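In the two complexes that follow, chain A is the common piece, with chain B as its partner first and chain C second.
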Partner chain A sequence: MAQIALPGIDYMVILQIIIVFGSATVLLLIDLLIPANQKRITALLALVATIAALIAGPYSHAGITMANTVAFGSSTLIVNSIILFATAISILFASDAMHKQGIERGETYILMLLATGGMLLLAQGSSLITLFLGLELLSIALYVLTAIAYPRLASEEAGLKYLIIGAFGAGFLVFGIALTFGATGTLVLSEIAARIPTTGIERGMFFTGIGLMLVGFGYKVSLVPFHMWTPDVYQGAPTPVTSFMSVGSKVAGFIAIIALVQMLGPEAQVISPVLMGLAVLTMLVGSIVAINQTSLKRMLAYSSISHAGFVLLGVLGSTQASGLRAPIFYLAAYTLTNLAAFGVIMTLEGSNERDLTLADLRGLWSRNPWLTAIMALALLSLAGVPPTVGFLGKFLVISAVWQSGYAWLAVVAAFASAFAAFFYIRALLSMFSGTSEAPRATANARSTLALLIVAVGIIAVGLMPWSISALALAGN
Partner chain B sequence: MNQLGFPLLSLLIGTPLVGAVLIGLTASNARSLQRTIAWIVSIANAALAIYAVTAMQPLGGYQFIESVDWLADIGLKYAVGMDGINVWMVLLATLLTPLALFAARNEQTHQKSFHALILVLSASLIGAFLATDLLLFYVFFEMTLVPTALLIATQGSGDAKAAAIKFFVYPFVGSVFMLASIAGLVVSHFQQTGLMTFDSVIISGAVLNGTLVMDPNLERALFAGFFLAFAIKTPIWPFHTWMPQAQAATPNNGSVDIAGILLKIGAYGMLRFALPFFPHAALWAAPAIGILAVISILYSAVIAFGQHDMKVLLSYATISHLGFVMLGIFSQTIEGVTGALITMINSGLTTGALFLIVGILAAQRGSRNRDDFSGVWLTAPTFGTLTLITVFASIGVPGLNGFIGEFLSMQGAWLAPQLGYAYVTFAVIGIVLSAAYLLRMYRGVYMGAAPEANAIHEPNRSELAVISLLVIAMIVIGLYPSIITSVSNASVSELVRSLTASSH
Partner chain C sequence: MVSTLMYVALSAFLFVIGVLGVTLRKSALMVFMSVELMLNAANLALVAFANQWKSVDAQIMVFFVITIAAAEVAVGLALLVMIFRRKKTTDIDLMNTLRG
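Moving on to the complex of A and B:
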């Protein structure tokens, strides 16, 4: 009987992943010992694990391991940091909001860690199998998280919807992987890049495979026309979960798309018309349909769709000299901003289970000036108004596509951003006009800290972009 | 560091910002403290601006330059500079800031946010005037929208929120297209010269010496992005619809309007950026833009004639003035550009004074409808005299400031080969119409019999003193315009020379 040779593992390459999955597993046991009304201890432990993983980033080794399936490099470092930062902030938010809503469970934080591990695996994956594994880990944890507000019906419904659509998307992805494997005989991205068929049926198979994989990831990052689930799931899921998935799964999904595009190299121009079409549709549909929304969470769902279109522009631009800077900076900006916006919404919800609408923002200035200021910053950053971080992200993306020779896409982006300005500014000015009888919203120390961090980030990174762009640039 | 040894321009931008932050930190009922901070900061800034005028050398090119890398790997800089053109815009902005505070002296509601927002607005305007880095200019240009929209939303009456949304979104739409154009311009410059920069001096220099040559269609498309942003912001017909609605919703005292007339960055940006970057496209589009400018002058004069709300009337008068500014700028002659510069200053001074006057009237009567007044002259003769001089200045009576600016703008348009006398012929009708609507307003409000009860009485001494100061400035500029031109000449002629050199 032949011996099965296990590939060698460089643990320092997968250090962050090990910390996250390892602590999730251990926490699962510890959580059993923590009484139901003390679950914030689980939150604290999960937060410590996340911060430990964040600190471990610079100590990880660049390289590729486990039979070329997992890699770590300087651009991975920044992406992993964005993901872990988002997780840390989300845990802080969740431990306040879930508690107020009476739906706090220890599993929440463990599932968040597992989803984070999946995201890290997506970001570090250098083989199609790892990408699939990462996506599924992330998705399964998120399906459960979406439905965690049991027995709230909206949450159950959203979870089921997300599960069905997600399974559908995963089907596309697996079939795409199979076709690509059939055409090239390998699953490792770098080897596929060297073996892209130039003629014949294999070439057709290969690009069909790539197209199907794009569809699979397109569901995850909600590109139009694969976005239908987004508003319903965002609205139905508990807000801390919405917040977490709106940033984490988008960042991770886009990193996978970027990995595919980078793998194609010069051949990327075969799929660039598809990417352009998706980007245009996503930007325009997201920002136009959002105008019609009254629910804040639905509005932000469409806003996140529109932002996905902008990131895709950055991905298109990344084939040129400017590299990954534009999309990665945009994702970082989006993460900070969206966390701030959802953080304010969670604080406003308090113990209230009702879905907040635009009318609930009325007169917020007169009762919660600090929350209003943070929300205003977030909305301005989402609209791309300087000096916030969102503005620089938008500018970098627009100049990246212009540099790649797609000037018309820059014009479409300008149109989309003009439409989007309307609903962001309407929400912003609502907060400053009129008065309201509603009681003051209060935030505990944990979510106050989280809100402060993201609000300062929106301004500080906007004014001092070199703080993260140097890292993103290093990923070239 | 610049030749002064201290960062004058950053102080001009930073002082109001620091003031705004300090006001933000005060308790919301510490009214007198907020007021004191705002006054000290705005007067200190005006003093800095006056110092800048006196310290300025009458040379072309930027002075007091400060430049720090901002995002070095894409060539982004914090770069500010001052020359004979923007020094006047900065001075106007710093002088009108205390005027806006003065106009709001009796307001009690939202005092804290009002003072802080006015200072933020002032800082972003000054920043926009001083920025020489294109993206920095854009940052400040956009930043002006936020405080103004918030001022309208918090201070305004009626449907202030709708007006504020329109005020924000309409100019924002224009400026995102400018952002796309900025990207296109910078990328074109990068592709041809290998240098990634947003420095307006370097880019316009490359256009001038032919190292940056754009395809005519590309140049026109990029120019269109800049033009749209600046035409909406200025505003000129048919991009003006946000402005009267916004001014109808702002408070009666005129404070926000005075701040609003600071928004000369549209015309300034046209002169400073759109023309030097795209001289061929500007020359190509000049006849069409000239027609829009003339329509602006005539259309808004006709609409103003029918207005009963005096503030809305004044906002149309502003649009009419800005038509002359556009005509002067697109003449691309020394006379025209100087006329445009002086008209921008005048529009700030005279319209600012008129908004203050309407605010005083409205505070006594509780209405700003001109039909609610008559015979003010009989009970308030000093006020009436000062108003009359201001009205004359706004119409363009010789000997006062309005005349110089409009005359030079029209002279420039006449001399310019791409415009010519036909434009001037129609623009002159605009002056006649402005005399008609302003004098009709004056006659209705100040002449006739005074009402039996509740007659308008003389404003208090400080109010009269402030209006008198503005009137003195109008007379001084009217009689001795070289107080402006001696400082601006070198910069204007350098700008015009580079325009004509690169467009032929």
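Moving on to the complex of A and C:
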């Protein structure tokens, strides 16, 4: 009988993934013993696991393991830290907001850990198999999380809609993987890079495959024209879940797109016109359609679409000169800012199931000055006003694009951010005008802590951008 | 011996049927079936290419795809049953609680 040679595994390369998946599995069991009104204990345990994984980052080994399917390096360390940070903050928010709404369930935190594991796998994946697995692990957990506000019909419909669109995108991804494999005979990214066909039908097949994979990931990060699901799902999902998925799945999805573009190397110029078109469409459509929205969550959904365009612009810039600095910094900035904005919305919602509109922001200053200050900071950062982190993100992306020689793209990006600023400023002004009869919103210790961390982060990283690159140096 | 190209042509054909099914069908069940068709079309292509390149990597990929597809449909059907209990329909065009 033929021997099967098993590939060696360096467990230190996949340390963070092991911690997250391992603790999710153990928590499934522990959660059984925790009474239904004490689910904040599950939240606490999930938080401890997330922080443990965050701390394990600098101790992980750089390298590639498991038959070249999973890798770890200094940029992975930053991305993993962003993802785990977002998870930790989301757990804090969720344990407050979901408790107030009466939909706190132990599974929420376990599913969040499982989704986080998928995101880490996506960020560390160096083979098409792991990219696919990571994407699906994160997606399936998010489908359930979206629908977790049972018995709310809106939440369930959003879950089903997300699932159908997500599975549709997965179909494109797998078919793209099949064609790419057909053209190169391997699934490992570094080997594909060495075997990109130069002529003939294989070359056509290869780039068709890449295109289909971009469609698959495009659905996940909601690039226009693959964005139709975003507003409905963001609005229907419980707000803590919306906040988690708007940052986590976007960061992870973009890392996969970056991995594909890096794999192509100089051949990336073949697809760069497509990327440019997608980026321009995404920025403009996201910014312009957001102006018409009254629901805060829908507005932030379109804002997240327009931000996806900016990240794609950064990816485009990364094919030329400044590397991955711009897109990864932009993702970090977007994560901090979006968590702050959704955190304030969750606190304002309180025990109220109703979807908040712009009108609910009126006179916020007169009843919740601190919340108003944090929301104002988040809106300014989303609009890209200095000295916030959002400004720096936009600056890095636009200058990367400019240096790559796409001056017109930089101009379009500037226009798009001017459009986008319009509705952020409108929301900002309405908070300071008028007075309202609505009761004061209260946040408990957990969400106050989370809000403070992200608010300080928006200012601190905006003023000291090197703090993020220092993180990268710690990994080497 | 049937050439790899024939398999790929068949799989592309099935994939297109799947895409059309997802976009044109109204029943959520039919949409799920069409998604399965897309994934299995890709599986067929993967297996055909694995045979051409004499590599098992793509066959392993097929196992993962089958497993993931099963998990996805399990979640999908569970959601559909919950919604069906209240709305008495599986028509996805009627799932319009959310409108901007």
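Please note the rule applied: the second predicted complex is superposed on the first by the 468 of 476 C-alpha atoms of A that agree within 3 Å, B and C clash if a C-alpha of one lies under 4 Å from a C-alpha of the other, contacts with A are read in each partner's own complex, and residues count from 1 in each chain.
Operating definition for what follows: a contact is a pair of C-beta atoms (placed from the backbone, for glycine too) under 8 Å apart; a residue touches a chain by one contact, two chains touch by 3 or more.
Treat the numbers as computed from the prediction; the structure is a model and nothing was measured.
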item: Touching partner for A:164 - first (chain B), second (chain C), both, neither; value: second
item: Partner chain(s) touched by A:328 [first = chain B, second = chain C, both, neither]; value: neither
item: Overlapping contact positions on chain A, where the chain C interface meets the chain B interface; value: none
item: Residues of chain A that touch chain B when the two form their complex; value: 365, 380, 383-387, 391-392, 394-396, 398-399, 402-403, 407, 410-411, 413-414, 417-418, 421-422, 425-426, 429-430, 432-434, 465-466, 469-470, 473
item: Chain A contact footprint on chain B (complex, rising order); value: 70-74, 135, 138-140, 142-143, 145-146, 149-150, 153-154, 160-161, 164-165, 168-169, 172-173, 176-177, 179-180, 182-184, 186-187, 190, 221, 225
item: Interfacial residue positions of chain C with respect to chain A in the complex; value: 4, 8, 11, 15, 18-19, 22, 28, 31-32, 35, 38-39, 41-43, 45-46, 48-50, 52-53, 55, 57-58, 60-61, 64-65, 68, 71-72, 75-76, 79-80, 82-83, 86-87, 92, 95-98, 100
item: Chain C partner contacts - residues on chain A that touch it in the complex; value: 128-129, 132-133, 136, 139-140, 143-144, 147, 150, 153-154, 156-161, 163-164, 166-168, 170-172, 174-175, 177-179, 181-182, 185-187, 231-232, 235-236, 292-293, 295, 298
